[in-house]
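Quick one: the structure is below, questions incoming.
We just call them A, B, C and D in the order they show up, numbering each chain from 1.
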Amino acid sequence: MTDSDGLPAGAAKRPITRRSVLASSLAAGVAATVSPPIISALGEAPVKLGWIDPFTGTYAALGTSQLNGAKMAMAEINKKGGILGRQLQIIAEDSAANVGQATEKLNKLVDQDKVDFTAGGVSSAEAAAMSHAANLKSMLYIAVGGHVDTITGTDCHWNTFKLCSDTWMLSEALCATLLKKFGKRWYFCTPDYAWGHFLYKGASEILAQAKGTNLGNAVLPLGATDFTSALIKVQQAKPDVFVVFQSGDDFVNLMKQATQFGMTKTMAFGSPLLELEPLAALPVEARTGWGVMEWWWDQPNQPHVKEFVASYRKLYKATPSGRSWLGYAAAHSFALGAARAKSIQAAKMAHAMEGMKLPPEVALEPDGPYYRAGDHQCMITEFVGEVNQKGKYPNLFTVSEELGGAKLAKSPAEKGCKLSYPA
Amino acid sequence: MSRRVYVNGAVWLLLLTAAWWLPLIGGYMALASRVLVYALAAMGLNLLLGFTGCMSFGEAAYFGLGGYGTGLFLTHLTHSTVLAVVAGTIVGGIAAFIFGPLVMRRRGIYFAMITVAIGQIFYFIAERWNSFTGGEDGLSGFSRQPLHFGFATVPLNAVAFYYFVLFFFAIGAGVIALLLHSPLGHTFVAIRENRRRAQFLGIHVERYVWASFAIAGLIAGLAGALNALQNNFISPINLYWVESGNLVIMAVLGGMRSFWGPLVGAIIFVGIQDYVSSYFPNNWETFIGGLFIIAVMFFPNGILGIIRQRAKAA
Amino acid sequence: MSLLRLTDVSRAFGKLLALQHVELEMEEGKLYAVIGPNGAGKTTLFNLISGFFPATSGEIWFDGMRINRIDAARRVALGLVRTFQITEIFPELTVFENVRIGVEAEARCSARPWPSRGLLRQIGDRVDELLDTTGLTAQAGRTVSELAHGDQRVVEVTMALSRRPKLLLLDEPTAGMGQEETAHMVTLIRDLHARQRQSILFIEHDMDLVFGIADRITVLNYGKVLAAGTPQEVAADPLVQAAYLGEAA
Amino acid sequence: MELLLFDGFNGLIQGAFYALMALGLSLIISLNSVINFAHGGFMVVGAYLAFTLAPYIGFWPALFAGPILAGILGILVERTLVRSMYGRSDPIYSLLLTFGFALIIEDVVRTIWGAQGVPFEIPAALGSPVSTTYFFLTGYRLFVIAAIGLATIALFAFLRLSRFGIRIRAGILDLETVSALGVNVYLLRSVNFAIGTLLAGFAGVLAAGVLQLAPTMGDDVIMATFVAVVVGGIGSLFGSVLGGLLIGLAAGITTAYYPAASDVVIYVIMAVVLIVRPRGLLGQEGLFE
């Protein structure tokens, strides 16, 4: 038993009997069903938060982490009296990382379940689509994951707030560190969709400003499984740094293959968005490289983090990831916003949330992140560091720098965001 | 004969009054619209699958193309919702018409696989052509516009849109019904029943398969156009082979040999998926998978097939 | 002028020569038969005439036209209609619906999506007429898969007739039938020939039947024409007696 | 030019993997007359079982144990679900049945092992390149090729030399006659289904060394496997191997020149093959038509 070292809940090894299969699927079923509002303030209907995330398909792990964080926040909020005296209820729907389904579910939550606000999204595509759909319904929406710039850039909406970083913030954080630590001959690998294109645009601009050499960019379709062809080109170019914009399964596949080719020993790997879930799914030898985490559970100097991690572990038998925190902070943001606006009316809350700073027990990171007024982008801290190859789950990452989001982000004007509220 | 009149009357009455009774049983109008959209696509497919006997597994391509046609038309050309629907329908129909000759000579699983191939080619075009289709992120930025009549302007809210969809559904279903009672429909059924006999009665089987394929594509295009308007959004996933499979399942579930079978199948499939995925967001796939297995093992002729058998036996 | 003429027709399947240098000529209004032991190439001959597959060499003329390269469906339109050894019908349709397919094809309206009422009535009348000819009126509303085998074969013949064939090709019309059914089929064939001067070419294994009704007989053996002529000539042919009749008897 | 060779070779590796999947699927399609859409699911199950067993029994035994368990699961599924499809002439039913079962497999795997996927470790000795120039030739890749080659040879030997194998081949050609000769067709089909799923499981374990082992791994592979079978020709096992290698090679070479088309190219090939040769490269007439 060398590696029953506490992988995420589902991954723990145990003898598989028919009973345990049954039991675990039952448990999952029960956990998934959102417990109805048991007894709220008498007669008062609960405030409803519609939560759309992928719980099946490629991004299921990330979506589940986000929802887990949100549910924990819900419990805390309700313990302290709810939102404006009413209990908070989360109604979760599966987007299956299918953009069309995400929109359908958002519309359903608004029309049928009459939710008061909406949140969720793992992929850029679904977050952008939901932002648009929520706008058509004049519904408050927090893009929890889904990093693409345009959500708080050219396609920004008054009703949409974005908690996770935008792609520029990630590129900037990553490149600053990579330029400091390694050489200036870089090669890129980009997945062929909005997220990848924006990251590449940002990173290649930064590299050019630093007078570095852009050796090439391998553009590969999303969902590519074989990276050999691109890796051969990269190897021949002999870069100092290989910047990989893939995420999810694509990232795992690429890292597995690059490691077997011995490339991780000859060049530095950089990734704009590292996450605990995919790192845990990598074989030990492929756990390598530098990158950015949007939140990290091990912050000894930060108040409240320890308690948060402890109670999360108690609830879910797993360590909170960046996604867990994003879900947690997003759910709290609604409660905080409603308290400031003294209303749950969308436009009033949107105004109240502009410039709203997350208190330390929610922020759980330095520099007090806040929702910027100009584009509704949250200025969260980026944790740049190195993957900890020798560590065991959850010690898979070592933070080397914490960069405040406000210093990284482009201004709303530069991003092309003009918010206009309905009259 | 009279039985059919009663059944048809009941179906149309239920569809027309859905806005009143649906909320009473916990449904909502957007769900009803979605059921109609998929039912229409599945009825079109069933013309090919159940009545001409060709196992198409790429119908989502024409469904999706209709959606993209409508979305792009609304984005670039017009603000008329009705014109956009017409445009989407034509796109789906023309694509099926053009590719018909490639598929019409194939039978059985080869027919299925070549329709898959064509469908997947369209899927990947939609997925990769970022600048035109929005690629993986899908095509958004259009929305259904109010209808302008001479005397009034009707905004397409959930209820109004349901009736908007029902209007086109009625056209589509009407066309299919007329077809099935025409010599052309008889010929389709003859091909399903016995290709060789049909051929040796002087019927150019391939031309009719082509015709059936094109009509199915046209109706799928119409349904796809309505689907794009329903979500104000269209993404490549609507063209993916799994979506084609879903349409086939709806047809089989309700009963491939019955006119209303695909509608019943769509009600069950879309309804259950919506309901179960809300209650079990993590494990709904097991329910849907189980539904397929039960349907295939115990109701091979679909729900309506069983009812019909009972009626016959009685 | 002959209705059907085959000159030097051969067909090979790979190395197997199914038919070699077959000659056959038939005039309008006649009732001709093809006989031969199993594997002699009778059905292959029908397949070549009806366009199921092409001849490897030789020429097939029908009604003054060389039809080698014409596809099966168009040969039907020219007036060349066949039945099959194993009944080919539309199993889940009623007798009426089965025959209607042929009538609609004959009326060249198979592709009509919105027919006029008049046309539908005409079609219905013609179907009734055909059913009456072959004695199926009572069965019109029944699903053909539920019918007795003999009736199914009659349905197939009726369907073939619906195309108003200049030449009707019947592939073992009494195969698998009981005595009564056979008698009914024979009467039907005779009547068609006698009353409507229907040209018929048929394959048959029932010798009494063949010699009783055919005007001329062609005997095939191992893919070659062994003999051809009137029933008397053929019966007298020593080759035929040796190769075929002797065995059968 | 060198790059083209690299990519071509790499494509062949990919193709060998498709070929192994296609072989198993082809067996099932030909003898069980079942359009097995759950084939990708069996692949995933085999890989996960090997992953679970490896810490206890080691990589090498798990390499065989996982697929064998997938084969046993195959028998169970064949006995309980697939068998009732044999009387149905329309393949659409078996297609829907297995499609539904594939959904259940994915859900169960996610519930047991988690959504994210698991770190599948390969022996360190295989995890590095064998040559610095041809660095993409890792020990593991060579091993995969050798393993697939051996599995294919073993399968063909089994089908040609053993009594059971000969019966399977005869059954593919004409099941009725084989049945009339007194062979237990039920057993034949059960074992055949198990062999098919076992091969899928084996492909899964091999793939898990290179790819992310996640519940959705089967989704991407199943259609490509069907394409390989159809390109090669239904009913021809050798055709399936050929089809797999061909589409792998095509995808590999396309990746080098126009990555965006790398996944569409296999469908283009299938469309072209079906237009030019209606029954695939080596297919039999009349199966599933």
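The rule is short, and it goes like this: a contact is a pair of C-beta atoms (placed from the backbone, for glycine too) under 8 Å apart; a residue touches a chain by one contact, two chains touch by 3 or more.
Owing to the predicted nature of the structure, the values given are computational and were not obtained by experimental measurement.
Where touching is counted per the definition, the chains common to subunit B and subunit D are A. Of the two chain pairs shown, A-B and A-D, the one joined by more C-beta contacts is A-D.
In terms of Cα centroid distance from the overall Cα mean, chain B ranks first. Greatest Cα centroid separation from subunit A: this falls to C. Subunit D has its Cα centroid 48 Å from the Cα centroid of subunit C.
Per-chain Cα centroids separate subunit A from subunit D by 35 Å. Distance between chain centres (mean CA atoms), subunit A to subunit C: 74 Å.
Taken residue by residue, subunit D touches two or more other chains at 106-108, 110-111, 260, 263, whereas all remaining positions touch fewer. Multi-chain contact residues, meaning those touching two or more other chains, occur in subunit A at positions 25, 28, 55-56, 60, 64, 192, 221. In subunit C, no residue touches two or more other chains. Each chain pair that touches appears in this list: A-B, A-D, B-C, B-D. Across the complex, subunit B meets subunit D through its residues 49, 55, 102, 105-110, 113-114, 116-118, 120-121, 124-125, 128, 241, 245, 248-249, 252, 282-283, 285-286, 288-293, 295-297, 300. By the touch rule above, subunit B contacts subunit C in their complex via residues 178-179, 182-187, 189-190, 193-194, 196-205, 207-208, 211. For subunit A in complex with subunit D, the residues that touch the partner chain are 1-3, 7-11, 13, 16, 21, 24-25, 28, 55-58, 60-62, 64, 192, 218-221, 223-226, 228-233, 235, 249, 252-253, 256-257, 259-263, 277-278, 280-285.
Of all residues in subunit C, only 50, 72-74, 76-77, 81-82, 84, 88-93, 97, 100-102, 104-106, 109-115, 123, 156, 159-160, 162-163 touch subunit B in the complex they form. Remark: subunit D residues 3, 6-7, 10, 14, 52, 55, 106-108, 110-122, 124, 127-129, 135-136, 138, 140-141, 209-216, 220, 251-252, 255-256, 259-260, 262-263 touch subunit A in the complex.
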